[in-house]
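Look for chain A in each of the two complexes below; its partner is chain B in the first and chain C in the second.
Up next is the complex of A and B:
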């Protein structure tokens, strides 16, 4: 051990600051946050003698009796599955197309990455503008062509708000997913396809038996990374609808924010965030299991 | 060529969907307020730069812009410094449990921002770091650092140890070998990682909304809301601000886009 240390001490020395930073900035706040979900921590009643005392499961009881929270859970599940499915499908198609030897391939590739580079809040404001009932291009064109008889307030309507916001989230998420799929595709040697073609495999068979097994692993990792972004898509929703109208675009993330920084109840806000954390952990575990099982 | 027509059509459609919204944003920024409300002026018959003038010289926009540049650049420098050191330590020395530590670091990306935000608020109040950039930079580093470490490790692993050895035999010190060989070879990957850190900080909205209360300290994403009125919004001004705020992102993006795909996915493909 002492020989090991003598030889490798610079390694420990170099890694220590970053590891310490992560312990202090991520791990410690995580546990503190989980702990706070078991405390009475309502800042509105900060003078109360019960403030900052152990509350057992009462915060969890409170949110699970809240209809808005239950609605937020359903919305989160809907939001996550729709986002993932549509993003994966379009990203896969786009990556397959861009992996062909098209003329101007690099221009197509660069331009299709633009939505990823644009900040979330800018995207939200841009689409709020495009959706606007008075000045938005979507309404202007639809009314001109006679698709709508009069313009629609996409974000102010319970029936359309959720779909209008999810379109933005999907639009923003496709390039990131596509980057990972394209990188994996580029790693597949071309002669694999040539020999498959000689054996008479059709393009669908080639995709299923050559492409899929190779790109499955990297796509799984990028999907998990993407999932984090989807579930915590606060900026887009908050800037476009603030979870409204009538909580039709409320997801657990915006619910926790509302509880914490609008109602000033950090106890219930932490409880809702812990539920979100568990949801993400569960989802990633199930997903990883699925990918691995298929692999064997 | 003919067989590939549908591929071209799909690619063109996707590109149109990607940049179409911003073409309309740019057109709107160049319109006068009457033109914006006129459905016959989708493509303006004349253009005006008054929106840009107003945003640049009659609002706090430039101030917010500089604030965000300062925050994003500082976060990126700190994060890259820590991540490069850690990645060198992890990949060039034997550290007990290195793989497990790296995995644990990556796992911290799974923590929802809102779950960390609540304890941060309590901690930062105790440390009196609310409404200060020092606090904000620390929090930004917490979500850029894990990916940066993971990604840079993946790059350093692709560089064979023999290259450094050769440099050291030629008389370089270990630090010189690192500086001249590793940093040089890994440059494309490092620049993409830096872009990622910069964009994540530049993009950030929720933390700066919660932790910054002084008007002149606002970041650009939050400050943008100045142009959204409670009852009516001046769309021309807002769209001009959107166009201006995209400039640094697009410059940075253009500079590294060649390496973007291999750079961002390094950790997933090889790691």
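Up next is the complex of A and C:
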């Protein structure tokens, strides 16, 4: 046994349970999932001789020939970009406002965190109720104000479902992004702004030349973290529309779930998950690069 | 090195989250092999029967049956007590699950080699999926087909038949009927529709008066009835491999009739979001819809949604023939069960007259042939029209992945509803999609 091990064995010993837990609950499913994407693994064909045999890239071929999967990829990209841009813009504005010395600042800050604290399931149910064609308050008000001639099924129409669901995701995601930006803003020394004002810089110049360069890195890191959450947002979509109507809210995550738990084909479900993983891996690598640059 | 480890750690966590569930079914092959050898030999069955001492049976049921403080839960507890007293040494433990995911809960556990000894499943194809995965014991290990046929209604019994073998013992059954807003029909002077033409006439009058038409749960459930009424099975499962018949002459006619209801806006707007029965009750209860297609369970749901609503119940409107679609639940035995013989004793007991009090609180009907419907409905005669349909009630196609099949049919209806396709185009695509689904699950 090396000197290092001898010296540190109590540490290794204490860390071992956690390491084993991670190996069993994360690393094993990770590799098992990747491996399964290369297998014939349709559970309802468990008696088939080909079951659990190597399938090469056929699962990948199958999903890329599936129009629904291609639609899911487009929806995922649309979902991610829109979520990100709107969340970032609103979070930035909110953070800038809450960074000023307003009366009741702490109350506003606390209130703005509420959407983040609400569980996905509760948020999904609440908004489903708000959107309801019969008793939803949005329809009732819109009809009374004459905006709509009759109630609309927001979640039931292919033109409105995607936008209705994304509103919930944006509403829930803003606080996470905002709190990072606010923390970064609070780290900026006030004398920088005072000096800039003395030099005749306007509000926009101060924001662009002082605020933005300082908060750029923390914002980028929080954005990447947020992105991972956005791409893997399953609960809200599934609880509100199950990817419908006509797959108009289907993202890769819901597609993988459908292939696995409704069609029982875990081979294609794993293949779709691996594709999603590649998306997220890309974001993770960017995140790690940013963390490294930040430390340097 | 540290960075690499950090990268690996984060990447692993991300993929583990994405693949959660996919990688946990690694024991499917072992479950399959255990199912393949699940038929207990006579010797082991005899040994089991003679050694009931300290045998624990676990039974997975929906949450409705768990709470002894509710009438259904209390009746279930009493029935179990009676069974235990008749079988000394056997203890029955209930496990609860939500009705929407009881199959998935059981499936996950059974694929890992465990799971409750017995599971109740919806007769809409759940047992077929589980049987195809090799997770259920065929009933031929305990009884004969003749005995089952003599004892149970054909529809519920056939709902658990896969590749010529019965896997499910039918517990209780229900069927789809037509609920109507009685005050509204009186107000408009409309008689309760009894056939396709009178339904269409009634809907026109209702719509002209500014009211909404039909609401039902957004699934193929109620729409199967129209195909059956026209003599079309949608999918014929009598052969070795299921055959799509939705586009034959009878099927096309039924499809066109359903599409005419859609194209004339006789389905209310809230049908588009009726992804649960609650939303259908709400639409009917608040007067949005004049008709609701659903089973006997809808009566209490509607009453909860609007206790003041005066509604009536009638048989489904007749097409070329009288027909409607089956619902209900069945009992099944886990292929991993260590006590299949005792489990069979228990499910036989639960389907027998001795356990009929369990069905009483919800006004449920046993799927036994000797069940006295009139007696069961004493004091609740409004539900009689639904029960009168039992003799011609048909099960949904006993096919693998019925849930996916249901989705394909609903999507075809929605294509017409949203004006994305004509009825002919939608039917052609529906036929192709059904065929593709069957091809992917059968040799």
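Keep this in mind: the second predicted complex is superposed on the first by the 261 of 296 C-alpha atoms of A that agree within 3 Å, B and C clash if a C-alpha of one lies under 4 Å from a C-alpha of the other, contacts with A are read in each partner's own complex, and residues count from 1 in each chain.
Just so it is clear, contacts are C-beta pairs under 8 Å (C-beta built on N, C-alpha and C of every residue); 3 or more make two chains touch, one makes a residue touch a chain.
Fair warning: this is a prediction, and the values are worked out from it, not measured in the lab.
A.B. asks: After the match on chain A, would you call chain B and chain C a fit or a clash?
C.D. replies: These partners clash in the superposed model.
A.B. asks: By the touch definition at the top of the document, which applies to A:45: first (chain B), second (chain C), both, or neither?
C.D. replies: second
A.B. asks: Just to be sure I read the superposition right, which of the two partners does A:212 touch: chain B = first, chain C = second, or both, or neither?
C.D. replies: Neither partner.
A.B. asks: Touching A:57, do we find chain B (first), chain C (second), both, or neither?
C.D. replies: After superposing on A, A:57 lies clear of both chain B and chain C.
A.B. asks: In the superposed arrangement, does A:111 touch chain B (first), chain C (second), both or neither?
C.D. replies: Only chain B is touched by A:111; chain C is not.
A.B. asks: Between chain B and chain C, which makes contact with more of the residues in chain A?
C.D. replies: It is B that touches the greater number of chain A residues.
A.B. asks: Applying the document's definition of touch, where does A:246 land relative to chain B and chain C: first, second, both, or neither?
C.D. replies: It touches chain C, and chain B stays clear.
A.B. asks: Counting only touches as set out at the top, which of chain B and chain C does A:157 meet: first, second, both, neither?
C.D. replies: After superposition on chain A, A:157 lies in contact with chain C alone.
A.B. asks: So, does A:266 touch the first partner chain B, the second partner chain C, both, or neither?
C.D. replies: In the superposition, A:266 touches chain B and chain C alike.
A.B. asks: Contact-wise, after the overlay, does A:184 reach chain B, chain C, both or neither (first, second, both, neither)?
C.D. replies: Touch status of A:184: first partner only.
A.B. asks: Quick one: is A:235 in contact with chain B, with chain C, with both, or with neither? Answer first, second, both or neither.
C.D. replies: In the superposition, A:235 touches chain B alone.
A.B. asks: Identify the overlap between the chain B-contacting and the chain C-contacting residues of chain A.
C.D. replies: Dual-contact residues (chain A): 22, 25-27, 29-30, 32-34, 36, 132, 134-135, 228, 232, 253, 256-257, 260-261, 266, 269-270, 273-274, 276-277, 280-281, 284.
A.B. asks: Show me the residue ranges of chain A that touch chain B in the complex, using the header's touch definition.
C.D. replies: Interface residues on the chain A side: 4, 7-8, 10-15, 17-19, 21-22, 25-27, 29-30, 32-34, 36, 90, 93-94, 97-98, 100, 102, 108-115, 117-122, 125-127, 129-130, 132, 134-135, 137, 140-141, 143-144, 171, 175, 179-180, 182-184, 186-187, 217-218, 221-222, 225, 228, 231-232, 234-235, 238-239, 253, 256-257, 260-261, 266, 269-270, 273-274, 276-277, 280-281, 284.
A.B. asks: Which part of chain B faces chain A closely enough to touch in the complex?
C.D. replies: Per the touch definition, chain B meets chain A at residues 4, 7-8, 10-12, 14-15, 17-19, 21-22, 24-25, 28, 36-37, 39, 42, 82-83, 85-86, 88-90, 92-96, 101, 105, 108-123, 138-139, 141-142, 145-146, 149, 199, 202-203, 205-206, 210, 221, 224, 228, 235, 238-239, 242, 245-246, 249-250, 253, 257, 260-262, 264-265, 267-269.
A.B. asks: Along chain C, where are the residues that touch chain A in the complex?
C.D. replies: Within the complex, chain C touches chain A at residues 3, 6-7, 10-26, 28-29, 31-32, 35-36, 104, 111, 129, 132-134, 269-275, 279, 282-283, 286, 288, 400-401, 403-404, 407, 411, 414-415, 418, 420, 440-441, 443.
A.B. asks: Note which residues of chain A are touching chain C in the complex, please.
C.D. replies: Residue list for chain A touching chain C: 22, 25-34, 36, 41-48, 51-52, 131-135, 150-158, 228, 232, 241-242, 244-246, 253, 256-257, 260-266, 269-270, 273-274, 276-277, 280-281, 284-285, 287-288, 292.
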